[in-house]
Amino acid sequence: MTDFPADLGEIEVRAQELLDDAAWEYLSRGAADNVTRAANVVAWQAFRLRPHVLRDVSALDTRTTVLGTDVGAPILVAPTAMHRFFCDEGEKATARAAAAADTVYIVSMAATTSFEDVAAVAPGASRWAQMYMLSDRGRTRALAQRARDAGYCAIVASVDGAAVPTRRRTVQQSLTPPEWFRFPNLASDDNADTADVMALVEDFDTSVTFDDLACFGEWSGLPVVVKGVLRGDDAARCLDAGAAAIAVSNHGGRTLDGVIATADALPDVVDAVGGRAEVYVDGGIRNGVDVAKALALGARAVLTGRPVLWGLAVGAEAGAIHVLNVLADQVAKAMAFCGAVRVDELTRDLLSTVVVARDRNEGET
Amino acid sequence: MTDFPADLGEIEVRAQELLDDAAWEYLSRGAADNVTRAANVVAWQAFRLRPHVLRDVSALDTRTTVLGTDVGAPILVAPTAMHRFFCDEGEKATARAAAAADTVYIVSMAATTSFEDVAAVAPGASRWAQMYMLSDRGRTRALAQRARDAGYCAIVASVDGAAVPTRRRTVQQSLTPPEWFRFPNLASDDNADTADVMALVEDFDTSVTFDDLACFGEWSGLPVVVKGVLRGDDAARCLDAGAAAIAVSNHGGRTLDGVIATADALPDVVDAVGGRAEVYVDGGIRNGVDVAKALALGARAVLTGRPVLWGLAVGAEAGAIHVLNVLADQVAKAMAFCGAVRVDELTRDLLSTVVVARDRNEGET
Amino acid sequence: MTDFPADLGEIEVRAQELLDDAAWEYLSRGAADNVTRAANVVAWQAFRLRPHVLRDVSALDTRTTVLGTDVGAPILVAPTAMHRFFCDEGEKATARAAAAADTVYIVSMAATTSFEDVAAVAPGASRWAQMYMLSDRGRTRALAQRARDAGYCAIVASVDGAAVPTRRRTVQQSLTPPEWFRFPNLASDDNADTADVMALVEDFDTSVTFDDLACFGEWSGLPVVVKGVLRGDDAARCLDAGAAAIAVSNHGGRTLDGVIATADALPDVVDAVGGRAEVYVDGGIRNGVDVAKALALGARAVLTGRPVLWGLAVGAEAGAIHVLNVLADQVAKAMAFCGAVRVDELTRDLLSTVVVARDRNEGET
Amino acid sequence: MTDFPADLGEIEVRAQELLDDAAWEYLSRGAADNVTRAANVVAWQAFRLRPHVLRDVSALDTRTTVLGTDVGAPILVAPTAMHRFFCDEGEKATARAAAAADTVYIVSMAATTSFEDVAAVAPGASRWAQMYMLSDRGRTRALAQRARDAGYCAIVASVDGAAVPTRRRTVQQSLTPPEWFRFPNLASDDNADTADVMALVEDFDTSVTFDDLACFGEWSGLPVVVKGVLRGDDAARCLDAGAAAIAVSNHGGRTLDGVIATADALPDVVDAVGGRAEVYVDGGIRNGVDVAKALALGARAVLTGRPVLWGLAVGAEAGAIHVLNVLADQVAKAMAFCGAVRVDELTRDLLSTVVVARDRNEGET
């Protein structure tokens, strides 16, 4: 039934074969010259592990908690948009996959399925709701309250929407939205069927500051994860403003090309947070060894975005489950080879200080 | 009307397609093995940004001043020679484009249009006049005075003309000068139609020193920008000699191959100048993120050379306007994503200290 | 008779030509993306030698001892599995080659020839027996005692078997075991003909700790070399637990992809051991200069794995002898050019501190 | 008459086209994997110049002295073997070329023309004689005395002959010596026509030490330059033993592959010598900018080897003159652009400390 390649790289290749060019470009591209998108991947590789031997790893366990929720492995499903482009069931398939893999699914505000419908297909699972502050704060408040009412456990407030990104090719415009296309989470109250993909980013509130973070919690009564932080000082200010957790992210290299890789930004954020809150990270994580390195650098868990979409493309719900399981299995192997039986035994001491150069040719032309 | 690619890389490709080989070689090549020309581009990429989030950027403004002149963005038109090779109207098109883009055009001594004719087509705009000290100081004085009389606001004194550069292929010699070809700024008083492109560099005064810098100001009554400085100690001596500003430049890698990239030289110059004067930089700047990095390193503005010529080649005045507008838009995006609403909020703290190796394969063979 | 290429790189090419694809893949591949396998090779190259001149090297001698045994050069035969895949005589050919080259052959637990048969073909030579702690400790004890009874001089206890490695392609499964295929060292007492290559790794005891190291010595009465250590702290604990020597190894990049290269791990281990025991190293050593660098970093000797298999593939016993002789000759040349007449004159001072970047593109896709 | 390419890279290409494969391989190859040969070239490129501006360079002069002899530029002809493979006149052409270029020609012991015949064709020029200490010291003494008698001004004692180098392909053996082939400098007194190219290296005395250096001076009455030093401590010992100068060299990467690049070794030697003697350097110098960098690092002059052979191959004497003139012209340009009017104004301060990574892919396979 799940006759998928064991290697995520091969799943990526198969996804590219199955998707049409516009969807693939949309999925895979970063901003501008892809410098940051590629740097994300390279930065994890540049760290080398110094594994411990001769530790009893027969009772190894990858389980952990995120904001108090049990998960089978420190791998959450990152918020990504428009899953119905990648398989017919879209976010419903993702929701079932995350539940099957025993992890949290962070549903995107720009999902092609409503928060409520996503929740309905996997009622026992944990979900968080991702959203930007919109210029129309009433719409944002309504969205936060819908998420709460649908049983979501946290708000993931994205803070990297200060401008419309530069894209080498205007892939969004070449994506021909099919008839069913909607952003049901963004529909206004009066006209639930309306959605304009092009106008979405323009709706973001570019005046949002640390002081506004508290709104998400006030509106929803839920803890707030701030996603898109790349600096320790900003992370500390988020915590001062009431954030429950920080997600280090550069949006998969899709916002400002030339920003620091997330693996390189993570230690600064971890140090600034100083254990006061959980820190997650996404960007360029392509196997379980990268996950282990992220945890060794101080992350509580990682968010995985594109690999889940590859899984949806190659096998819908089963494909996404496979991707999540492969990553979890690889984390377990990495832990075993490093002599760590619990995720909190992955510490910085496991990382080598030998300099592996990050090559300038990180981007594509 | 302006149906140009949104990406400067694509504009470069189109320019290469439209120009004949000799013109393209002349435009694109650096000295010798292109090591420095390529290093210029790579050095900007090697810096990674650490953007701030959650700052109100709704009222973002890219405007600044250079020597007291208002410009719409910190991007000036660098002095480059012989624009009539790239479009029929040559420097007149560039002048109109700079005016439309609300910025300063630094007109080259080796323009194929006279300082006066350039000034006449865009009377309301700000222009600076670039020149080398010629062995015949009387000719240099006359040129400085012509610039003043034509309403130019500053003299840009180039100081990187100590020798004839080594070029891999003698592209200048393969450029067949058409009938109209003239250097009207360099014509002697007696014979306004004479111009010898080959003899130009030989006319440079190789005995010029810091003590001679004051001449440009005395002759013209204008502030003097010294262009071609790559060291802090030299920059300080320029200021002591009365310079109003410093332009860090290696002439786009066209003089001595093997000199330091301008992005790597800039911090030393900025530190030595210590706020006493404005510092500009050119070389390898290919998008607005590079501009933002230059300002973060302490530059007041950048000079853009080859991209403007690509614009002239693909669309004459409209093409050059497009290039300048794209760069300005990208600067605005970079500022927004970095949480900077004014250009002076771009500071060094935005740059990562993670080492991104500069590869040895920077040049071409 | 020995008309083999003088260069090991050419021998590698010839071996690839002669072996079928599955055998070559099995031999050459590392885990996952080959990052560590490739990093092993690159890390040696990154060190540059600072040779001494004007020393009398006319009486140069590459001889040394390992655990008190004389060897002609500081190059031992690493334990590698299933030599009968590479030549008909398998481990018997290797044993004769090691004897001819005057060095120690470390026979793998996963040999396709029994410890006893290997010993019988080269009775005068020194051999060590490699093994993992199996979940069935009785089987492990029996194996250690068989090695002792067959005249082996040391137990090489591998400690890098905490999990089943991730392999890009399941090369083991594509290897079609021929009729003769057996792991005679692993056969149970009751059924000497049984061997299941797939089940081998699952038999490893993942609960083994430093406290268990002593078993190997107690069972066999032999000194114990701990193989697979990559950290100084672990090496020190091995010595505290009674180990006689440490072999720095990442299993040729075949276990956890992303671990540190052995050349980069070696100095830490050497420093932690502090002369209390011998330290060996393997991984990525491809010529005698690499051997000299390993000794300069503090290794007593190197273990060579894949090159011996190339030799078996291209010329059975004679091919393996050739490989070992080439390496020994190259060590002698390296010593001569460095002004070292004895191996203990290869010291760290011979290595340059100039940083040669390790490229990120170390692995293959 | 001298219609040669202005660029040495193009001359190299033309030389390769003109020479047969064996001669080209012999000329161009380094030892083993070419790691050091390639690293030599790369190491110069990795240094970046920080040129001075606004210095009067109208009276620039590249002249200097080596061991008291005036030369037109700091570029000597390195000792290389068997010039008759590259043009009919062989070393006679080289001698006339060096004289025409106003520099010193260091004639190789392995020349295909005798020291005497070389001297006869350019009587007014300065020449030094290169030699190894042979096992038969009487032959070495005779050779040193012949050099003195033929008017040579210095003995260049090579000290990098401790072993026969490893060559990827045995290019020497594929070179079919033509009928005229002789090493007249190495012929015994009794049989002046005998020469065995294969036996040459075996004749080197591998027991030679610092104490033996004085022999060359005692035998010849000439100053002794020690060539092949790569460490400061060795250089100091050479001076203590009476050496007049040090030539930093790794024999163009032709001895032990993996030794440090000469550009990286030079500063250590310069610092250890501390101005007590002249230091020269060769290896990887491919243009005048590299020469300027070598002098900035403290070298008194460079030795150029392969480029002169390219010149011989493309144009015999005229080709070699062209190569030497191109290099001298490029040095002059580099000095001008750096604001240096005399060679002693090229100082370390002109070199940037920005790290340009040396790539691992320096060698060829």
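Read from first to last, the chains carry the letters A, B, C and D; within each, the first residue is number 1.
FYI, contacts are C-beta pairs under 8 Å (C-beta built on N, C-alpha and C of every residue); 3 or more make two chains touch, one makes a residue touch a chain.
In this text the structure is predicted, and so the values were computed from the model without any measurement.
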{"item": "Fitted rotation between chain B and its twin chain D in degrees, CA, nearest 5", "value": "90"}
{"item": "Chain C against chain A, contact positions shared by both copies (same if over half, else different)", "value": "different"}
{"item": "Relative to chain B, chain with the most remote C-alpha centre", "value": "C"}
{"item": "Inter-centroid spacing, chain C versus chain A (mean Cα positions, whole Å)", "value": "42"}
{"item": "Chain centre separation in whole Å, for chain C relative to chain B (CA means)", "value": "59"}
{"item": "Multi-partner residues of chain D (each touching 2 or more other chains)", "value": "355, 357-359"}
{"item": "Contact set on chain A toward chain C in their complex", "value": "6-7, 9, 42, 45-58, 60, 287, 289, 293, 330, 332-334, 336-339, 352, 354-359"}
{"item": "Footprint of chain B on chain A - complex, ascending", "value": "32-33, 35-36, 39, 159-160, 162-166, 168, 170, 205-210, 212-213, 226, 228-231, 234, 237-238, 255-261, 264-265, 355, 357-361, 363, 365"}
